[in-house]
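In the two assemblies presented below, chain A is common to both, partnered first by chain B and then by chain C.
On to the complex of A and B.
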C-alpha cells in the first residue's frame, strides 16, 4: 500500500464554516480519520472534521475565469448609484 | 499569480519576487522559482527537525515529573511538538522532499536543528526554564512567520503558535511553583537559568545584515535575528527579574538613548559548533532518534500492510 495525502477541514463550532486546516498522510481512510483526530481535534477544538483525499480536490485558479477583465458591476450592489436619481425624482415630485 | 506563458524564467522570477515583496502569498500549486522552493523547504525542514529533536530533552523527564498532572502536561507538550513535526514535514513533502529522506538527513547530521536541543537537562528546573523561556524565544520567531509569503506555512503557524502558548504558560507555572518553594528549589531555578542563558542568547542567531538575509528578501520570515533577540529581552528580562532571579550577564542593560538592549556578545563560535553536531548532547540525541526510528520500523510496516 502507498501513503495518500488527505486534506483536513475543521469546523470549530456548530454552524460554523468548515475551514481548511492542513493535511495529513495516511495509508487508508480509517487511519486518515484517526490521524486527523490526533492532529486537529485532540484539545476539543473541533466539532467536525472533513477528511478528503487530495486526489479528489479539483482546483480552479485561472484568472481568466475567476477574475475576468470585463465590467461585472451590473451584478453587484456597487454597480448601482441611486442617490442622484432619487433626488431627481423627489425634486420632480415636489415641483409638481 | 498571473504569469505570461511566453515569459522567460528571469521575467517570471522577477514577477514572483515583486509579488512576494509586495506582500503577495504563494500556494503549493503556484509556480515558484527553484531558489524560493529550496529556501522555504530548508527553513521548514529545519523547523520540523527542531520539533522532533526538541522533545528528546523533555521526554527524559516524563518518568521523573513531580506529580501526575505534571506528567500529563509534559506528555501533552511532547505530543504537541511531535504533532508540529508531522504538520511541518507534510509541508516540506509537498515542496518536493520525501519524509524518509528528511529523517535520513537529520539522523546523518546533514541537516540541522535548533541549538537549544543539543544541551543536557540537569534538574526539573531545566524543564521549567525550557518550556518557559526556550519556547518563548521560539514563539517570537514563529509569530514572525504568521505573515510568511508561503501561505501553507503561515496557516500552519497559527495552529502551532496557539499550542505553544500552552507550553509557555505551563513552563511559567513550573518556574513559579519552584520559586514559591524552598531555598533549594529557588537555587535550582537560578542554576537552570544560568545554564540556559547562553544558548538562549544565541538562539536567534548572529545579527545578519537585512540585505544579506535571503529568507527576509523572499518574505519567508519577517523579522531579522537581532530584532527577535531584542524583542525577547524586552519581554522576558522584566519577567525574570520580577521573580527575584538574576541574569548571568553583567553587561546586560537597556540603553534608553538607542532604545536597545546591550549585552555581552554571545559566543557565535559555540552556536556554530553546536548546530553542526558538536554540542554536548548532539550525537547522543541523534543516536537516540536513530534507535527509535529503527525500533519503530515494524510499526510503520504493520500500518502499511494492514491497510
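On to the complex of A and C.
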C-alpha cells in the first residue's frame, strides 16, 4: 500500500494554539482523518485537529535566512535588559 | 404493560431480555472477534483504529448488559435500587461470560472468525450498516433506559460506519482486493439476512413499543439502503429468494463458536465472580 505521511496539529481547547502533536502514515486523506482521530482525539483531549500532508508543508531551513551572521540582539526586547530595570524600579518602590 | 412507564416491573425485564441481549451479545462477539487484529492489522495506524473500534463495541455491550442487570434487579427486589458499582460489574461479567452457550442471542454474522482483511471489512460493513438501521429505529424505543443509551452509542457508531465505508470504497476499487471482498460478501449474505431473525417474544416487544419496528421491517429498510450503496460499486445485493441462515437469536451457535468461546471465557472460568 502506498503510504503518505501526515503531520497532525491538535487544539486542546477552543481558542488555544494548534500545537504539533506528531505524525501518522495513511494511504489516503480519508483514512488519515480516521487515524488522526484515533491517535490524537479519541480520549476527548482535542477540540480540533489539523491533518496536513507532509508534502504540502513548505519548509525553510536555510541558515542564511534563519541565522543572520550579525549580532541583532539590539532588535529584541532582551537587548534592552528590561527585566533588570523593572526589577530595580520595583525594588525601589517597595523600599519607599 | 408499557415499558416506558413500567420499565422495572415484574415481567418487563423478561420481555426485554431477548432484545437487550441480542444487541449486547452482537457487540460483544464482534468486539472480541475484531480485537483479534490487534498487533497484526495491515498497518500500525489501522491496528490502533481497529483495536479502538473493537473496544468501543465491547463498551457498548457493557452499557447494554448493565441495563439488563439493572432491570432484573429492580424487578426481583422490592428495595430501592442500590447495587454498588462492584456488584453491578460482577453481574455484568456473569451475564457476559457466565451464561450457557445456548443462552446467548448473538447473530452468526457477529460470531464468525475475523478471516482475512477483506472478510473482516465485508462482515463489518454488513454488520455496521444493519446495526445503523437497528439503532436508528430503537433509539425511539418506549424502553427509555435503552433509548437513552442508544443515543450515546449512535454518536460513536457514526464514526465506525465512516471508517468502514472508507475501507469498503478502497477494497472495492482495488484490483487485488475486490475479488476477495466479493467472495466474502457472497459467503456472508445468508448470515447478514439471518441477523434479522425474529426475536423471542417479538410480537409483545413491538406491541409494547419497545421495538418501534419489527425485525422484518428493519431488514427491508436495511436491504434497500445497502443494495443502493453497493450498486455504486457495481456490487449486487443478495439473490432474491436466498435463505437466511438463522438460529443465533434462539440459542443456536455458529460453527467454530465452541473454540472461540473457550478462549473468551478462559479467564472468567478460573474464578467466576471475582472482581477485577
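The rule is simple: the second predicted complex is superposed on the first by the 69 of 96 C-alpha atoms of A that agree within 3 Å, B and C clash if a C-alpha of one lies under 4 Å from a C-alpha of the other, contacts with A are read in each partner's own complex, and residues count from 1 in each chain.
Operating definition for what follows: a contact is a pair of C-beta atoms (placed from the backbone, for glycine too) under 8 Å apart; a residue touches a chain by one contact, two chains touch by 3 or more.
Since the model is a prediction, treat every value here as computed from it, not as a measurement.
Between chain B and chain C, B touches the greater number of residues of chain A. When the shared chain is aligned, no partner comes close enough to touch A:76: not chain B, not chain C. When the two structures are aligned on the shared chain, A:63 is found in touch with chain B, with no touch to chain C. Legend: residue contacts after superposition of the two complexes on their common chain; A:21 is shown touching chain B, with no touch to chain C. Using the contact criterion defined above for the overlaid structures, shared-chain residue A:37 touches chain C, although it does not reach chain B.
According to the touch criterion, the shared surface of chain A, contacted by chain B in one complex and chain C in the other, consists of residues 1, 3, 24-25, 27-28, 30-31, 38-39, 42. On chain A, the positions that touch chain B within their shared complex are 1, 3, 5, 20-25, 27-28, 30-31, 38-39, 42-43, 59, 61, 63. On the side of chain A, the complex with chain C involves touching residues 1, 3, 24-28, 30-31, 34-35, 37-39, 42. Against chain A, in their complex, chain B makes its touches with residues 2, 29-30, 79, 83, 86-87, 90, 93-94, 99, 152, 155-156, 159, 163, 303-305, 307.
Residues 42-46, 48-49, 52, 159, 162-163, 166, 169-170 of chain C touch chain A in their complex.
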